[in-house]
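Naming follows writing order (A, B and C), and every chain is counted from residue 1.
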Amino acid sequence: MTLSVHNLSITRGGIRVLEQVSFVLAAGEALVLRGPNGIGKTTLLRTIAGLQPPLDGEISVAPDTLVYAGHADGLKSTLTVEENLSFWAQIFGQGDIAPAMDSFDLGALRTRPAGLLSAGQKRRLGLARLLVTGRAIWILDEPTVSLDTRAVEMFAQVIRTHLGQGGATLMATHIDLGLDQANTLDLTPFRASANQLDDFDEAFL
Amino acid sequence: MPSLWEYANPKKFIDTTSRVTPWLFVAAFLCLVTGLTWGFFFTPDDFRQGSTVKIIYLHVPSALMAINAWLMMLVASLIWIVRRHHVSALAARAAAPVGVVMTLIALATGAIWGQPMWGTWWAWDPRLTSFLILFLFYLGYIALWEAIENDDTAADLTSILCLVGSVFALLSRYAVNFWNQGLHQGASLSLDKEENVHDVFYHPLLICIAGFVLLFLALVFLRTQTEIRARRMRALLARERLTA
Amino acid sequence: MTALLLRDLRLAIRAGGGFGLGLAFFLIVVVLVPFGVGPQSELLSRIAAGTLWIGALLACLLSLDRIFALDWEDGSLDLLATAPLPMEAIAAVKALAHWLTTGLPLVFAAPVLAILLNLPPAGYGPLVLSLLLGTPALSMIGTFGAALTVGLKRGGLLLSLLVLPLYVPTLIFGAEAARRGMDGFDTTTPMLMLAGITCGTIALLPFAAAAVLRVNLR
């Protein structure tokens, strides 16, 4: 249940943004990525989630242990809260959505179409999806956007429980969630030197 | 032994082809001038078709190249998918507009030839229709290249489109044959058939075909060089924006 | 996979899902044709089969960009790509959902609209059969086209340009089968070819569509 990243280099739009990124994320740990805008946090998370190939380096993780949550929540506005959530539960082969609803206090909203939710409520629903996947390693991109303080506390509690059950979390966020087990990784030292181009374009320069 | 894959290096490709391309243009020019002059002025008129038959020297080579350009794009796309040589993808991109022009020449000369022969500019004949469909495939392929900003993404998507398109183009060819038996005469040239076009027409035709092949190669080399340089420029600009 | 299919069907039926738009478009095309070519019933009955096929094809085309674009915009496609479903299955299920919400209703509507075009009685069976065999191919090819253009801002026109040439063989065999049936000829060959195209596209195009989707997502 370990995610280890070794000498990873990634590109965005054909330009190398980060290189030689290495870290190990063990069960029960949380790792928070930091760094200025545009350094490549989202790209790194998408690469680890398998949405784009790395330029170089290795990502080793057991199959079917990752779940990714990006900027968009992937909600269907005409489906109700319950329908949205149980869809993802079925996709990931899980049954019960009640614990996830309770953790994010969505019980009162269960029959409301997702299109009528506020931004914060949508985000809570998006995060509740993580609980119904049954996956151990959560890859989260700015999970606390548009959450109020109460909801952030709710989210921190969910993370604590998840880590306590042997899960792990890799996230990019600027908010301090007050997690005891959280390590921080600053990406600034990994910024690609002189913004190298990828191999092909390099051949001309 | 030097391998063909050396030319996957863009620098090597540009160095070599820029030396060869002028000679290709000269050779193509000589072949076309010889072939067309010979064909137009020094062959007898056909006993049935009269002097109109002489458009064969443009029609047949351009039609051949229209199909061969697509085949070349298919091969280049496969090389890109399997070995991921950027030059290959750019060569496929460079060949497409040349292929379109060849298809248009074939269609236009076909119409001009068809008018006196069949009494109509256009007939929904299987061969003509197939070329029209091929033309549409070319248009879609080029439009997809133009629509996508990221070069590698565009190369991937157009390669797959080229593969799928090839299958459907073949299928269309068969379907069109089934749909309408046409007016068009059989193949003008073939390797296994006894009866080709008459020898008098045959030799200038071969020279014209050689001319078209050389012209195609020269144009594709030239356009590939341009594509490589354009891509290099985009890469430099992108880097400049980032470091600025 | 069933979950995805059910979700797509549910989304299509709910408000704003666009269910029925294709049917309405089909109706309008068929109504417009007599305005264009004149009301003589013998002329209309001669072109009825072809008109219905072209109408069905265009109605199918109209709804293609919805297949992936909505999932792309709200981020579900990213999440689906990281879900345990293989991409090929996603493409196949999406095509099936499209067929169930667009292609199948067209098959049922066609005989009704055929009355408007004065289709000879012998033509009804072959028309419905050819549409039933051919529309799945239209949905599958369209899914591939939609996957190609999913990342593009104004991909609609490009989608039509890419997909229409790919529709040629299906249209030729489908309309040919319907026409032969109408004239009382044997329809076996075009029907078999049509079924072959449909089977071939369903077998192969999910892989192409999945490859293209992966490229577009990165």
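Following the convention adopted for this analysis, a residue touches a chain if its C-beta (ideal position, glycine included) is under 8 Å from a C-beta of that chain, and two chains touch if they have at least 3 such contacts.
Since the structure is predicted, the reported quantities are computational estimates derived from the model, not experimental observations.
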**OP:** Give the chains in contact with both chain A and chain C, ordered by label.
**Re:** B
Original post:
Between A-B and B-C, which chain pair is linked by more C-beta pairs in contact?
Top reply: B-C
Subject >> Middle chain, criterion being Cα centroid separation >> reply: C
**OP:** Would you kindly say which chain has the C-alpha centre located farthest from the C-alpha centre of chain C?
**Re:** A
Original post:
Quick one: chain A and chain C, Cα centre-to-centre, how many Å?
Top reply: 37
Original post:
Where the centres are mean C-alpha positions, what is the separation of chain A from chain B, in Å?
Top reply: 48
Original post:
So, what's the distance in Å between the C-alpha centres of chain C and chain B?
Top reply: 32
Original post:
What parts of chain B, by residue number, touch at least two of the other chains?
Top reply: none
Original post:
So which bits of chain C are touching at least two other chains?
Top reply: 218
**OP:** Mind listing the chain A positions that touch chain B in their complex?
**Re:** 13-15, 194-195, 197, 200-201, 203-205
Original post:
Any idea which chain A residues touch chain C in the complex?
Top reply: 46, 49-53, 64, 66-79, 83, 87-88, 90-93, 129
**OP:** Provide the residue numbers of chain B that touch chain C in the complex, in ascending order.
**Re:** 133, 136-137, 139-140, 143-144, 147-148, 153, 156-157, 160-161, 163-165, 167-169, 171-172, 174-176, 178-179
Original post:
Okay, in this complex, where on chain C does chain B touch?
Top reply: 144, 148-149, 151-152, 155, 158, 161-162, 164-166, 168-169, 172-173, 176, 189-190, 193, 197, 204-205, 208, 211-212, 215-216, 218
Subject >> Residues of chain C that touch chain A when the two form their complex >> reply: 2-4, 7, 10-11, 14-17, 71, 73-85, 217-218
